[in-house]
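One structure, as structure tokens, below. Some questions next.
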């Protein structure tokens, strides 16, 4: 028996392993179309790194920016307006047969988008995203203390937005980042329209849909407590019923900047047939 | 302080690290005897890759195939017949002092086998396997929707078997595989005798046994929902009482084909003294 | 598109990747002061490997040994005496602005130390550590069977200590170790004063503190069952309220000996600003 290292990429050989061995090469990827829907305190640039990686592998990638976010000066938006932004983006470009990915709050957006253009969608992918029950709001899924913090932040706003203070952003969104990375990412955080986070959504139509679904969970993501009645997985993923689970190492925001290849690979694994 | 890469195999040095440093070599393995018990929708060939790796490292490996599976044309079997297959295999070969590994449904089999030949067994290893409570059946551990699906599949069968439709196999058993790998693995899936999945098992004797036990959990395994009152770990692992936990990256079936070295290493870590 | 290996350290390039590419170098670390508080069945030497790594990276590291442990011949100690050991260590050396890390039982110690010297502490880090509720004892967090075992071990002692039998140490503290590593580590296990594990602690002052906090969780740690109402994360981590989560691969004790670089890196990630 040979002794030595495991070959880390696949753990299927000794290290340094035989680079010419075909087993160790990444398989060619199925060519897909991705529509990536960002979450709160983010805009379409959230996906810049991931989109570049996915495109380099032959996929088509679209990153709609929705009402109240990015270049939109109007912060007085509803969840329906946000959904309409994405639906309009899809129908104007006549996109079909795409993988619709929602991150965080974006999960609630793709739930509602899926109700409106179900036949255009190949698969839904929720990445550490809300899967709301019929009649729920996003803040209904927060622990009491977090909900109170958000209500106070909302009440202190002049324009019904919530600005995420840096300490909350640091702990809940970029916990694995260096402080410099955290500060850099915080530069793109702007006040979030509050109303859509508190709106209770009618999701009866969503729960009647039968399209393929995946849940991508990163186990260092602490944006919500993970367990004890809260969290992404399995608390929300279980609501999808039959679905594909993919798990990775990462947190809520950091890897979109620091490990776009890893994140793109996981999104691909969640999205492929 | 030097700057550079971590050396991935152990994270204990800079990369490229000094290959001659003995710390980085895999330790020699204790020589063990393994009896590997497959689960539903599988036969003894499920273990081909893992068994080859374990044998290459000096272990003795046995992979009994049980009633209603593999080459057995009779699908009208009971849980007791399945248990008898494994017990007879063990006693005919007069196997002793072995690590008895059960995967998935195979967990229920090693629970019953352990009741009958406890003195021959060195350790029980449950790999993403059912650990049923006294008086439970396998389907008692399914969420309501999954149980209904299985009851319908059973009702639609002519010979009281359940054939796993490809979409269910894809989502629940091989979620991390490529589509090609999933299709390849599906070729060996045949209709599963339904009755043993619905039989309530008397496990009072099992819970009086005191032999060493381990639970091996793969965190991408989604064959059952993981949490909210369901799942492999900790929902079933906790029933073992004092036991050894080993956790790895993998799903329910895929790694047996694509990463047999990783899987064999984890089974060894669960099985060694 | 190039084909090949992922570069394992960061997954952001093909392997072998360009070593001169600055992205792949570890970022320089913020210089911190760490005070590391060990748990039960351990003494200050528990931290030897980790402390050496942290010092090599420019951090100041202190590892106070507390009453009833290490060189202290008196095993008849209270939780208050243990806390006083650490507080006295800190005040005698006039340590300020440090990251206070507690492992396992050490979590209860840093809870009480934080109450007494809050202004000296920069951040609290709980690594697979108890975060007790006000009025709780450590054994209140044990499953019934484990609590009974500990009560019996205590009752059988002449000097109100609990010696951890090797099989329990093997399964609960060093489950991922080889048997040789487990035996080697067991050489430093000595009888643990029982009283502090059964004392109910007044923690009202702790829960009024607002300093930064982190929880470091290793997902192979099975010292407590992880879920079903027990465990480190999220069962105890959630009690910290807003805090930073860091997750790693490891168990309760082994990595302090076998992977001090990995463990030191995770402690740094939990402790930095």
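Which chain is which? They are A, B and C, in the order written, and residues in each are numbered from 1.
By our rule, a contact is a pair of C-beta atoms (placed from the backbone, for glycine too) under 8 Å apart; a residue touches a chain by one contact, two chains touch by 3 or more.
By chain, UniProt protein names: A, B, C = Salicylate esterase.
In this text the structure is predicted, and so the values were computed from the model without any measurement.
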Q.
More than half overlap in residue numbers between the two sides of the chain A-chain B interface, or less? Answer same or different.
A. different
Q: In steps of 5 degrees, what rotation angle do you get fitting chain B onto chain C on the CA atoms?
A: 120
Q) So how far apart, in whole Å, are chain A and chain B when each is placed at the average of its C-alpha atoms? A) 32
Q: Provide the list of chain A residues touching at least two other chains, using ranges where the numbers run on.
A: 8, 219, 227
Q) What part of chain B is in contact with chain A in the complex they form? A) 8-9, 19, 24-26, 56-58, 143, 145-146, 167-168, 170-172, 175-176, 178-180, 219-220, 222, 225-228, 230-231, 249, 258-262, 265
**Q.** Contacting residues of chain A [partner chain B, same complex]
**A.** 1, 3-6, 8, 10-13, 15, 27, 30, 212, 219, 227, 233-235, 237-238, 241-247, 269, 272-273
